[in-house]
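Labels A, B, C and D are assigned to the chains in the order they are written; within every chain, residues are numbered from 1.
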Amino acid sequence: MTDRQDPGEILSAPLIIEYPFKRTTGPVIGAFLTGLRERVLVGSRAEDGRVLVPPAEFDPVSGEDLTELVEVGPQGVITTWAWVTQPHAKHPLDEPFAWVLVKLDGADTPMLGALAAPGIEAVSTGARVEPVWADEREGHIDDIAHWTLVDPEGGRA
Amino acid sequence: MPEIQLPASLRDVEPVRSVRTPAQLDYTFTAGDATSRFLRGITQKKIIGQQATPQSKVYVPPRGADPELGAATPIEVEVAQVGTVTSFCVVNLQFYGSGMEIPYTSALILLDGADLSIMHLIQEIPADQVRIGMRVEAVWRDDADIEPTLESIKWFRPTGEPDDVNVRIPGEKRGTGLGSWVGGVAPTELVVRNPRTGVGGTEADGGEG
Amino acid sequence: MGHERVAVVGIGQTKHEATRGDVSVAGLLREAAQRALADAEMTWTDVDAVVIGKAPDFFEGVMMPELFLADALGCTGKPMFRVHTAGSVGGSTAIVASQLISAGIHERVLTVAFEKQSESEAMWALSLPIPFTPPLHAGAGGYFAPHIRSYIRRAKAPDHIGMLVALKDRQNGLKNPYAHLHEHDISFDSIKESMMLWDPIRYAETCPSSDGACALVLGSEKVADEAKAQGRTPAWVQGTAMRSEPTLSAERDTVLPLGGALCAADVYRQAGITNPRKDVDAVEMYVPFSWFEPMWLENLGFAEPGEGWKMTEAGATAMDGDLPVNMSGGVLCTNPIGASGMLRFAEAAMQVRGTAGEHQIDGVRKAVGHAYGGGSQFFAMWVVGTEKP
Amino acid sequence: MRDIAIISFDQTPARRSVPELNEVEMLMPAIHGALAKVDMTIDDIGFTCSGSTDYLAGTAFSFVSTLDGVGPWPPIQESHVEMDGAWALYEAWVKLQLGEIDTALVYAYAKSSPGDLPMVLTRQLDPITVAPLWADSVSLAALQARALLDAGKATEADLAEVAARSRRSALDNPNAQLAWDRPADDLLADGYHIAPLRKSDCPPITDGAACVILAAGDVARSKVSRPAWIRGIDHRVEPIHLGLRDLTVSESTRIAGEKAGVAGGEVDVAELHAPFSHQELILREALGLGDGTAINPSGGALAANPMMTAGLIRIGEVASRIWSGEANRGVAHATSGPCLQQNLVCVLEGEN
């Protein structure tokens, strides 16, 4: 009989799981991504009249198809946020930043984004933000490079 | 497909239909106890199977559990580096990452002293001459290239011994296979010996018959 | 079987293709689900619970994708359940869904199984380079081919049987508008001349990779009786069974697995089938490589050991034979892996309901749906019929 | 409904990493332990069901090789869910309701240590509009915590109290991974991890496994003197998009709790699967639990959080307290998905 080994004797090796998934969008999510490429934000109108962003292909309550897409934003308000002191290499920003849920003007549900801000004290629920568009856009959520605060007078903070 | 109503700003532009979302996840894989012990044997050019009890089946390569008993396999047993081809296929498809010249033969090989066939390559014989029952032996890489992987055995090649005409294809020792209906009668659990209770199977299995 | 009777009251599937470039994953599922709901004359809100099945998550690169699909399937505020039993999953998912009704918990359950293989490649997802793990030298075909060779040797079967199965299933698939492959020029010779990929398996004896989904609406006796009263025939679930055995055990028979035969014996007992060949009118079995038809004929009790290939050769499993097998064209024509098992179960139900269109067999009173997965080690079966169990 | 009880439970000690064992090697002691406690073998079991997910360790079909730990030979009746083991238990409970079998074995396991867990969990999110942002599970929980603070439904001190109490309770749990005694005030002095969450508000990353055995009626009574009867069990789901939910409440938990009959009597003990401290507060409200209920005496997921397993462990922990007579009626809860997306509630009761 052999004894169990110490962890140090166990063989280990890197395992990398990587794939460039190609996802078909369908017409509704496709329209959302088309909008990002064109620097336009769109949501879908739910059965109860709410505007959902990102648009849903289907009503989140009843499950029925949603087909009406409407333009929203581009500015909105933070509904909740979290401050990341040490960004992960995979995060959208390299410097400390805030995750935010942003309710765009004309929308009823908020969407997730990464907000560049000078520090945690600059961020608050209710603050106005707007997207900073990537220079090269291809119809991808990353076409919004990140979000930025808008000062109360309407210019950038 | 429902008709989509777009806002004016998107009506005259080419719609996005698909999107690439590359993703990479990095893991540190650890081999666990049974596999580490097996592969350390490989680095010494030994093929070491494992079993749960001195009476139970010898598994090569071991994977940590005897799947019939549902028990750990702490006992190490060195098995032979020669064995018998129990079945095989000839591969004509260039398989991702294989780097093999086609056609090549991938075979189930029951090593002497083991109870389960391993899958490995057969070389040094034309693919169309490989036979069920053929006796084969392991061919190792050069010593400098031995690593803790079953691929340190480059392939198996014929030993030149006569074929084993009694080679056991899994389940065939009962003639018709375990999951066959004979005379229209379904098999039951008792066709095989329960390794924990000893119930079932034939006397040849060490069961109650 | 539980206390409550269960029936299939709605069936839907997508058009299956190599790449469904027109729909998202959610859209694909909804295409099948909405057809099933329409068939059952129900809406999303009528459904009590949803049971989802698919094969490994790496296929689409979404971890536990039922979570992001919850609202796509109208699950908000409802129970949603995800089954994964390898290739048998489409069958076991339908069984889990049926048990929610037979146990008396729900009245109307929607079950959906899918795979959108075009989002990645099955070859990639099935061959992740796991360190220290012996390489599988040639994919799934390379795994199954030696076992097929063992069958051919054991049953003394002639070489052309696999080709006959491929020809029959591809021709049946021409009658099925949803099937992925519609090979109008298929012939025995074209199959024979196709490339030998994993000798003894030829290219034309191998299943395709498909995008697709299948959905069933299952109802309680009350729901099914109402459907019947309105002229929609229910397919009564007369038996369900699952069995599992280890992938790599010393005693296991990889050609005629004991688990497969026990699963069949269990489901026949429930359905009152004593002579499978006589009592069953049509079978949809999981045949991803053509030779599995004769193997499963023996494993499921339709033929004596070594005789399955003779049934195939004699045409018994053709549309006009005494035991039609894979009327839909089967897995050889359509293989969205996670859905493949449910498609077998669905086709069995369509035959019983008389709604199979051009591939309908006349007068089907009892039909068997069969699925298997892993290394021929996970089995799921059901028997559906025109009569209440 | 047929009377079904939990009759046995075992778990492996929760550890940050178990590199010396593969999944089946790690799992087997839990299965063998649960069987031995009630003097049973796998041959006494009518149905086996497991919960796990391939993504944690990066290996497809992980459940196929762990099934070897059961010894499914001769072949068995078995199923697997790509969900927490609590849902595997639900499937087993349904199967037992059918009346053909009297016993079921349920297991769950996870090795989260091979990967970067918060990043692995991003693969659960909407694959087109959210997953590419790599919004990790801790960040999403922090968004929920902020919403709760903003709504005035909790303070950071309330969160610290949950964190401190959970780790203090864990001192009595030999299987816990994080157990310590620090006052809540002390925790508040720590800096933020992902604000407004501190490290102490977050669960550890855990490798571990657990096994539960269920039995019906007289079989249960023959095995244990005080079976933990399942009086109600239900599960519900919500949309995954955080924007489609009120993050300060758990509507799916509320419905599941109502269907499972939580309000039907006094609740002596509740084991809530709240990986983040603020989530305990949301769950207590959703289930209507008052001060008379002992919450997470095991330390809960804040003391040990093996993915896919922590929910099943909650059920085992409540059952253990019923067998011992420490509690008469208890509630176990399991969750899945970001920010309490999917929830299961199980009401257990002893017989007097």
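In the analysis below, contacts are C-beta pairs under 8 Å (C-beta built on N, C-alpha and C of every residue); 3 or more make two chains touch, one makes a residue touch a chain.
These numbers were taken from a predicted model, which means no experiment stands behind them.
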item: Pair joined by the larger number of C-beta contacts - C-D, A-D; value: C-D
item: Mean-CA-position distance for chain D and chain C (Å); value: 33
item: Between chain A and chain D, centroid-to-centroid distance (C-alpha), Å; value: 29
item: Distance between chain centroids, defined by C-alpha means - chain A, chain B (Å); value: 45
item: Computed distance of Cα centres, chain C from chain A, in Å; value: 38
item: Shared interface positions of chain D, touching two or more other chains; value: 19-20, 55, 58, 65, 67-68, 71-75, 114, 119-120, 123, 126-128, 131-132, 239, 244
item: For chain B, residues that touch 2 or more chains besides their own; value: 1, 17-19, 21, 23, 25-33, 35-36, 39, 63, 67-68, 148, 189, 191-192
item: Where chain C touches two or more other chains, by residue; value: 21-25, 58, 60-61, 71, 75-76, 124, 128-132, 246-249, 251-252, 257-259, 262
item: Chain contact graph, described as a line, ring, star, complete graph or other shape; value: complete
item: Of chain A, residues touching chain B in the complex; value: 1-2, 4-5, 9-25, 27-28, 30-31, 33-35, 37-38, 40, 42, 65, 67-71, 139-140
item: Residues of chain C defined as touching chain A within the complex; value: 19-27, 30, 43-45, 58, 60-61, 71-76, 116, 118-120, 124, 128-132
item: Chain B contact footprint on chain C (complex, rising order); value: 21-23, 61, 123-124, 127, 129-132, 134-139, 141-143, 145-147, 149-150, 153-154, 195-201, 246-262, 264-265, 268, 275, 298-299, 301, 303-306
item: Chain B to chain D touching residues, read off their complex; value: 19, 21, 23, 25-36, 63-72, 189, 191-192, 194-197, 200
item: Footprint of chain D on chain A - complex, ascending; value: 4-7, 9-10, 12, 15, 17, 21, 23, 25, 29, 32-33, 52-54, 56, 60, 79-85, 88, 90-92, 99, 101, 103, 109-114, 120, 125, 140-142
